[in-house]
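Quick heads-up: structures coming right below.
Each of the next two complexes has subunit A plus one other chain: subunit B in the first, subunit C in the second.
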Partner chain A sequence: MRYLRDRIISFAATLLLISAVTFFAVNVLPGDPALLILGTEGDPERLASLRQELGLNQPVLIRFAGWLTGMLRGDLGRSIRYSVDIAPLIKNALPVTLLLAVSGVGLALLISIPIGIGCAVRHGSLFETLSLVMTQFGMALPSFWLGLLLINLFALRLGILPPAGYTSGASLILPALALALPRAAVLIRVVRGSVLDALNQDYIRTARSKGLPQYMVLYKHALKNAAVSIAAVSGVQLTQLLGGTIVIEQVFGLPGLGQLLLAAALMRDLPLVQGLVVTSAALILAVNFGLDLVLLSLDPRLRYE
Partner chain B sequence: MPRKNLPLWLGVFFAALVLIPTIVSLFYTPFDPVAMRIENQFQPPSSVHWFGTDQYGRDLFSRIMAGGQRSLGISAAAVAVGMFIGGILGAAAGYYGKRLDQLLMRLAEAFHAFPSILLALLAVAILGPGEATVLAAIAIANIPVFMKITRANFMQQGKQEYVLAARAIGASDWRIVTRHILPNCMRMIQVQASASYAAALLAEASLSYLGLGVQPPQPSWGRMLREVQAFGGLAPWTVIFPGMAIALVVLGFNLVADGLRVKGK
Partner chain C sequence: MQVNNTLKTMITIVMLVLALAGGATTAAADDDVLNIAVPTDPDSFDPTRSVAAATAEIAFNIYEGLVKSTPEGKVAGALASHWEIDPSQTVYTFYLREAYFHDGSPVTADDVVNALNRARDPQISQRAGNYQAIASVYSLGDNRVVIELKEPYAPLLYELTELAAAVYPKAASGLASRPIGTGPYMLEEWRPNQYIKLVRFDRHWSGQKPFFREVYFRIIPDYNSAVISLKTGNIDLIPRLEASFLHQVENVPQLTIHAAPMNVVQLLAVNNARPALSDLRIRQAIAMAINRDQIIIGAAWGQAEKLHTGLSPAMPEFYNTDTADLLPYDPARAQALLSEAGYSNLELTMTLPSAYPLHVQTGEIIADQLRRIGINVKIEIVEWGTWLEKVYNQRDYDLSVVGLTGKLDPHTSLSRYVSTNSRNFTNYRNPEFDRLIDEGIRVSGPERKAVYDQAQEIMTKDVAAVFIMDPMQLNVLDAQIKGWLNYPVYVIDVAALYK
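Moving on, here comes the complex of A and B:
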């Protein structure tokens, strides 16, 4: 319980720190945000009204406090370019990104667990060597290039999947695959390493000597202990994707958080950028928090550290 | 060297396959990488145009040679800056410990939770797109990485007897750090630098693909993929070759990192 309390405090403190860094990066670093948004050629009257709208006449700390309390009520302010509230914009884009990130990591796990276990079981075999060589190539592939190649093959040549846009679940297959393959390459190595470690332990020999069949030894005993490192690495991958599907969203024209952020950054819609960055950071921290709990339940020894 | 270090030398080989043509491109390319000849567009690979031509009839081989200049340069500068700042902060945290350590590590955790692409977009919103923005974003993303690794190494080395011995004979902190501890951390820093460089190259390519990094007419691999995206079905070579250049050099530096790691043990 003490551990849990510490984690909650640390979660809140980190989120506050990130909010502060984001707010001051957007509001203080550029000097005058209104000037940044409209450009130096801006009409003085519009500049003045924008300063009014953004509340720039107030001291920066008051604005920060206002923004924070607004966020607690679920109010992220208004987008300058779209002239609408930010919260609904994010709410519409969020499911696309979440689905994409989760299916990317899920697919990576589906690919990597059987291959990784196969490598560990047949340690020293040709299968293992070939798999490890493939993982080196997989890790080097830029996922957006992989996406372009997948579109070329499955959409343009074979015509079996949609090339771009978000119309149905099938629209997510290729993007998820493009995200999954490089991550599966990393995970295969993790699965192989941790299963190999587990297989060398005494309790596996005990399980074998009491006559447990191979699949029980592997899936019930070895994989259970390997699960801690697999969960840790795939959890980190999930957090990276929550802020990092932007390139794949661009390749496949998916209306997720990344597309919204890219447009906001290029149009200098500072309130929207600020809202999106903090939302993504909060998601990432929440997943990290959940990951800690999962790791704790997988390995009770961690509770005493 | 007891055994031949295959990953290291394979890595050097793959990286050289890309690095050497890039260096040569500073003095010589078979064709002008930016000269457009529309009547020449979408030529498939041939003995004249090894990698074919793009939608403006530009020679892809020459463009890929020259495209490495900015990608490799920006990534190298970004990793160097991140390594320098992160190294100093990490050394201070690891060597002096206590309060400073806690403060710095809390900051590093917060930054580490931030995916580098978010950082890059925040930078674009403030500074506008361009090479300097990408460099700054990748450098900042690398600071906590090098900070953590230097700190861990300094903490570990700081407890060793040779440091105690050096202190006993009255060596200054500066001398202990630069002459004694740092040389013992070099291997890990080299491994991290190589892996970080591979990651930085991927990040730079992604950002240029999004149109946030290198701007035309200067060729860059990421930007080239952005421009030919619509023509992938018509002229697949325009998509295949720039991506291969990125993958090859990333593979090379990942293997070098693996090789150095094995060698260090």
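Moving on, here comes the complex of A and C:
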């Protein structure tokens, strides 16, 4: 219980800190929404009246306090860029990014676990060498370029998947794959390393010597032990993706949080930036919390620290 | 057993993926649905609020004013069937047609008066400044609207074609996301970052029914993805594709390209107030060091039209073609002017907006051309918000490259170079030019043309800025789609398209 309470307090404190930092950081950037809205047709009178209207004339601290009290009442305010309420904007974008990040990491796990185990089991084989060479490529490939290659192959040449936009679940396949492959490359090495490590332990020798079949040794004993590091790495990957699918969303024209954030930042749409940053931060903190719980259940030793 | 289960799961996933994929490819086959790729969302569909070109090109299909622009850059009747101008050029009487709003209510003179009064009220409208020549707007009976001007103002009809002068029901509210107009299409749904969906309006006053029943403007920020979507048939049209993508779409049998000048004036802004640059000889040296042909090949892939003054040749009625010979490309003469002015090792900074690759590349080529005559140019690339603050707002820069969108009337484009104009970010000052611009709004016909010809000659000779090019807009369509109309303003005329 105490643990939970401490976590919630640190959760709230972190959110507050993050929102304060972004608020002031966006404020010190040159240019403001009024200037960006009017562009090269602006003049001082219109700038002044628009700033007044958008409430940009008030001191930063007052604006931050205003945003914070609204936020505490559950009111995220109105977007300057889109002239609509922020909550529905985020509500529509959230599932896209969430689905994209989860399926990206899920796909990476699906690819990497069998290959990683294969590498560990056939340590020193040609299969291992080839797999490791491939992971080098995988890690060096930027996701957005991989995305363009995938679009070229599956959408343009084969014509079996949509190239861009968000029309059905199929729209997420290519971007998820583009995110998954470089991450799978990292995970293959993690799986291989930790399974190899486990296979060299004494308890594995014991398990083998009592006559357990190979798959039982692998899945019951070796993989279970390796799961801690796999979960830790893929958990970190998931948090990275929750805050960082901007480029892939851009390439595939997906209406996720990343694109919204980019549009908001370019227009200095502070309320929208704030809403998005708080949402992503909350998501990441929640995933971290969940990850801790998973790790605790996987490795009882962690519970006593 | 366990291995078998994993295999089964994998097979199921693959089948699911294929099933979904199959569904996606068959979905895009409806014949009367048009898909258009656009890079960004509109800002607001409220005519008094919107300032973004991204909105105007879509809203053109939703809203109409008393008059509208034609592909030739002229003014035609929209809600007004015709109009009369009294001899003093200050009283305009518009005769309204019978027309209906998207919500079914009839358009009344009252609605028109309300919309125009809001458009010119600085407390309400972002564009009120464009309508300050208006003294009053009132109705005469049910179908006549009168606009009285304080003094003759030639650009009035052009200003009335703008989105800011669009007509909507007097009682309407929440137009920002739920526009109600009289245009051939009405907005059904706007999903930010996804699409804007328009549906055909069957009671348009013209009695004509556009071919496409549903029109999606799909937000695809990355042009690479948009081009591939066009090739796979998921998108039917990309308006205003950047010239650097030309090689990806030319000679593709299933695509047609309509290229036309954008009516944008790209210029090298020269801060006339900087010590060295306040010397006319230095400015003229810079102007004569610039080889436009080289820039157009290097930065715009050959897809642009040269220009030499503050208007685009896309407005042939007013563009002064003689300005080409005033300060021609002549590096030797440029160098002579520089040494005459007594400057050696002149160092200047060029501030470029990263959001616009065309302007950045243009700037890089210009910097190289200036180095050849002995001016050292340091390039500084900044983000758009920073550019607006530093270059446009504070005018704290030496040189910069940017594009200014032209309007249908020359006054809007040229008046920004008037000494006291707040948009005059090159700090250009010439009383004779100011006088001519002031005169231009009072006269009409050939007299007006003569005034603007002279003003253009003066600004080019004085190097208010070095005017470079009007980039071509490449409108790329699925070859089955016909009827595309190029406009000299930012619009996509969907109602004209058919299959």
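Here is the rule we go by: the second predicted complex is superposed on the first by the 253 of 305 C-alpha atoms of A that agree within 3 Å, B and C clash if a C-alpha of one lies under 4 Å from a C-alpha of the other, contacts with A are read in each partner's own complex, and residues count from 1 in each chain.
Everything below uses one rule, namely that contacts are C-beta pairs under 8 Å (C-beta built on N, C-alpha and C of every residue); 3 or more make two chains touch, one makes a residue touch a chain.
What you see is a predicted model; the values in this text were computed from it and never measured.
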Subunit B versus subunit C as contact partner of A:L29, first or second or both or neither: both
First, second, both or neither for A:I160, with subunit B first and subunit C second: second
Contacts of A:L110 with subunit B and subunit C, given as first, second, both or neither: second
Touching partner for A:G253 - first (subunit B), second (subunit C), both, neither: second
More subunit A residues in contact - subunit B or subunit C: C
First, second, both or neither for A:I151, with subunit B first and subunit C second: both
Which of subunit B and subunit C A:S171 touches, first, second, both or neither: second
Contacts of A:R268 with subunit B and subunit C, given as first, second, both or neither: both
Contacts of A:T239 with subunit B and subunit C, given as first, second, both or neither: first
Set of subunit A residues, in rising order, touched by both subunit B and subunit C: 29-30, 36, 148, 151-152, 156, 250-251, 266, 268
Subunit B contact footprint on subunit A (complex, rising order): 13-14, 17-18, 21-22, 25-26, 29-30, 36, 136-137, 139-142, 144-145, 148-149, 151-152, 156-157, 239-240, 242-244, 246-247, 250-251, 261-262, 264-266, 268, 270, 273, 277, 280-281, 284-285, 288
Subunit C - residues contacting subunit A, complex: 2-3, 6, 10, 13, 17-18, 20-25, 27-28, 40-41, 43-44, 46, 49, 51-52, 122-123, 126, 129, 176-177, 191-195, 218-222, 224-226, 228-229, 231-232, 234, 355, 383-390, 392-393, 402, 404-405, 421-423, 425
Interfacial residue positions of subunit B with respect to subunit A in the complex: 106-107, 109-110, 113-115, 117-118, 121-122, 124-126, 129, 198, 202, 205-206, 209-210, 212, 225, 229, 232-233, 236, 239-240, 242-243, 246-248, 250-251, 254-255
Of subunit A, residues touching subunit C in the complex: 29-32, 35-47, 49-50, 81-84, 89, 92-93, 110, 114, 148, 151-152, 155-156, 159-171, 173, 215, 219, 250-253, 255-256, 259-260, 263, 266, 268
